[in-house]
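Shown next, in structure tokens, is the structure this report addresses.
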């Protein structure tokens, strides 16, 4: 769990190498910024970007525009600040420089996620992530926000499973690392392109709720169709990069089973 | 917006039967292809362990002779005793064609990323696709040269015959009576091909359990992973044993064994189309202590 | 646009708990919703709430708790500054709100029998806090997000995510729409609406670093303020005692760490006279500091409570030690919160979640190294001023404070606190412009009780949402529908906002001179430092005066601002630069309110006026902004007709109820305060 920092006390200079792009269709370029970091200050990538924004001058000494990025809670619960750091996708708020760049002269490369269209610099458009939640009807179909008594009772064990699945913050890490999930700029194809681990796992979450189950056939139809759970290639990168440690591969297995049973049932009822 | 139903006609055949095709692809890899692979490798590896299989019957034979004798016996049994062999064969070819064509379609939809995410399962994902590509190439060569008689692709030009299965196979792999460079290359290709195909099968066995939902928990996936690794290791040993056995087999000696087989069971010796320039006499063997075959 | 073509449309600005609850309610009432948010709504700041959500429940009820008691606690906790009728209604609705959330599928923690589990929380002797792990806020907002996504897919909600609210469109005192900007394309557009709900959350960014998310800059509220909406109790800012200092923000460390035995100390040397002085090796490895050189200041100053003194006291002590005496660890603004004397298995069982956060963000192992913490700005009790229609419960004279555990004087009945569906519930002084959730000043008075924030957000949505629906259907707007209002009004509003952008673009720094005096990031940073120093835990008249003049200086510098980016596409520096101007004006209202409120009440502590002064200041501080940007403050009487104010003396011996109920989980007095009662107070 605990990753001890190997950074020596004192101040060191590191380089932030950032892939930049002024907007959709604009050329990509790399810019490097020099940054002074003092060990033990808890400096993370977001703080580094804030420093650069205040004085956007590259290592070559030329003035540039401040880097654009997405962030939110900075506590790893909102899912906004997903980027590719040194080649791997992760939340940047929890990327501490004392850990990822402990030595003088270390270079940290920052790239936007590659599976979503770049808006500008490190900011990408992840609308498709939320669209995929609609595809699997990721909600409990309640009658409304009126007081109609308590919800269904459930055991602590059931709650624990649902809670873990419900911590998914739609950050997109599982999609970025997935070899089967690819960029799809044309939203017309979103309904047939691979859903990805997060949506499959959300389908499992709502299928395991007493009221949410009502929509299970609809969700399983979506999971059986093009872009459904069958498109998973079992590379299992999703579960490795999930910042919330959600058992995504178990969800894929569970939904694989549900889809199998659903298909057999449909075969015999000819629906 | 999102819930607009997509009209049936505008959807491709692949999309309309998405799940069915996915599942048939998965199933076809196990039955019949996987089952055949097991049978095929077990039979072929008998070139190494056949003497043991002969029990007392092969007491007067060397290890290589016993292997060749047992293997030959198996081949004859397959060709003479399995009913509807051609139908089985056609089914198998159809299954391989189906599995590989869909496999290509599916594999092309992915983008390997082991460079940044070098996890074990991700490497297996990538290798599954590579092994599919090379594997189908190998199967094509294997079937074309040994089954369809495309002898122009065989070093030394040997035409494989099930009447002389061991000797003609040894000739094909060695590139002649003696081992040639071309033979080494062909055998190396066989090594790569069979290794990848065994991996492809074992890993496919592992992923199919997740696909069908047989293994759900991380622990179940891990345990079944060990089981698949064991199955894969066993088949790998069989595959390598087969290759090594035939590569080291002396074709002349093998032919003598094959002739001895016919003699021993009182069958006419089939006409030989290989090693026609040599006068090969059947190996001397003791009368069989086993039942007549 | 909406597929159902709802005739009436409401704009909801902000997609946190309040905005999403309001959206769901409005759609159910047949009103179309245009939902604006600077971030995808699922990423709103509500996700950061940890501890839970309060509501009377059957277990507590059978021990003598009631909705009335919840109401009483909230008013008392807020030091009698909140308007009381709305608080009563919120408490009455709380159990129903829990039920609705439960039905939505929120994975509330369960008892072994499968009922919703409860935990103790600050300000109550009863377990009345429902929770979902240590991320209750995240779970609640996800449930509401899912419901709104469902309405979106059915065409009744149109989301404008990555759109920034710029200005309310007001016609003769009535709000008829907004001007907003797509923060990606930079397009500025006006949107018509029959009513507008502001649900834009708090303003922690004014203080630079806080426990808030990066978008909680109060800019939307400030823009309404400038447009003529009153802003109340701006000076009431909650500072949480234990936050994890970070380079970019302060992360909350739940009070349960101290509840489970955590000790707060700094390295110090004891002088011969018994006082403590600065330690020469402070800041070096804490494990090398011998026991007799560790100053357990809370335990020493408060022998009865020790480390679990109430939140405001702990905050003041830590602040005083570090800021006034320079005795923080390494001379900086941090003290140790030490759990290393506790067995690891015990800690893992009780506190693993929060200790993991510490490990992850600080990079140190809290099981073996004392945690470094410091108070952090957490929540704004103040906000846009809103009105209400009192409900049917109106006693002749206010009652005395309710004795904990005794039967409630009145039953919980909907409509007693506020009249359901009246147009003006949660409406600001501008007709048709509503304020829901943290951006509203209602419910929490001078101090918010833990786990009441989530409740107030959702209560606003589901209760006051009905008022909005009624207003757009049959209110004054039905006489002149918004669609009949001249387009020129909207075009004018767009032109006004475009001119502001042009002014900023024209001020782009092309010289590369990089003058810190006119750099928006530097101005923002200086603002944060100044506000944290002058307007958080300890506020004095002279310091506030200096603060006001510093704000004047920053405003002057801001007027000569130089931007580093003139780009016309996703220009974040421009958005930030604009928000700095908004933060400056809100900061002024805050500092002025703090200066004018010459008393100490709740979170507002003035050493120069250490006592509460009900005579003069049991009133809301209402700030107004003139069209030219002048901020003025006046004190407006509050609705204190239900409970008489009493001294707020948590835990002191004389506060002990005369007749403690035998079923009570614990005694109210001194050191016996249950450790869990302060736990997880992160909401």
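For reference, chains read A, B and C in written order, and residue numbers begin at 1 within each chain.
As a working rule, contacts are C-beta pairs under 8 Å (C-beta built on N, C-alpha and C of every residue); 3 or more make two chains touch, one makes a residue touch a chain.
Everything quoted here is computed from the prediction, not taken from an experiment.
Nearest to the overall CA centre, using the mean of each chain's CA atoms, is chain A.
The most distant chain from chain A is B, comparing centres defined as mean Cα coordinates.
Of all chain pairs in this entry, the one linked by the most C-beta contacts is A-C. Mean C-alpha position of chain A lies 42 Å from that of chain B.
Centroid to centroid, with C-alpha atoms defining each point, chain B and chain C lie 69 Å apart. Centre-to-centre separation between chain A and chain C, using Cα means, comes to 28 Å. Chain contacts: chain C has residues 153 touching two or more partner chains. The multi-chain contact residues of chain A, meaning those touching 2 or more other chains, are 134.
The set of chain B residues that touch two or more partner chains comprises 2-3. Chain A contributes residues 84, 87-88, 131, 134-135, 177, 179-180, 182, 191-192, 194, 224-226, 228, 230-237, 240-241, 247, 249-250, 252-261, 263 to its touches with chain B in the complex. Taken together, the chain B residues at the contact with chain A in this complex read 2-3, 6, 11, 14-15, 18-20, 22-23, 106, 109-113, 115-117, 119, 121-122, 124-126, 128, 206-207, 210-218, 220-221.
Considering their complex, residues 1-5, 22-23, 41-44, 46-47, 50, 53-56, 63, 65-66, 68-69, 71-80, 93-94, 96, 98-99, 119-120, 123, 125-126, 130, 133-134, 137-142, 144-151, 153-156, 158-159, 162-163, 166-167, 169-170, 206, 209, 211-212 of chain A touch chain C. Within the complex, the chain C residues that touch chain A are 21, 24-25, 28, 39-40, 42-45, 47-48, 96, 98-100, 102-105, 107-116, 132-133, 135, 138-139, 142-143, 146-147, 149-150, 152-153, 184, 213-215, 244-249, 251, 356-357, 359-365, 462, 512, 514, 519, 521-522, 525, 564-565, 567, 569-573, 576.
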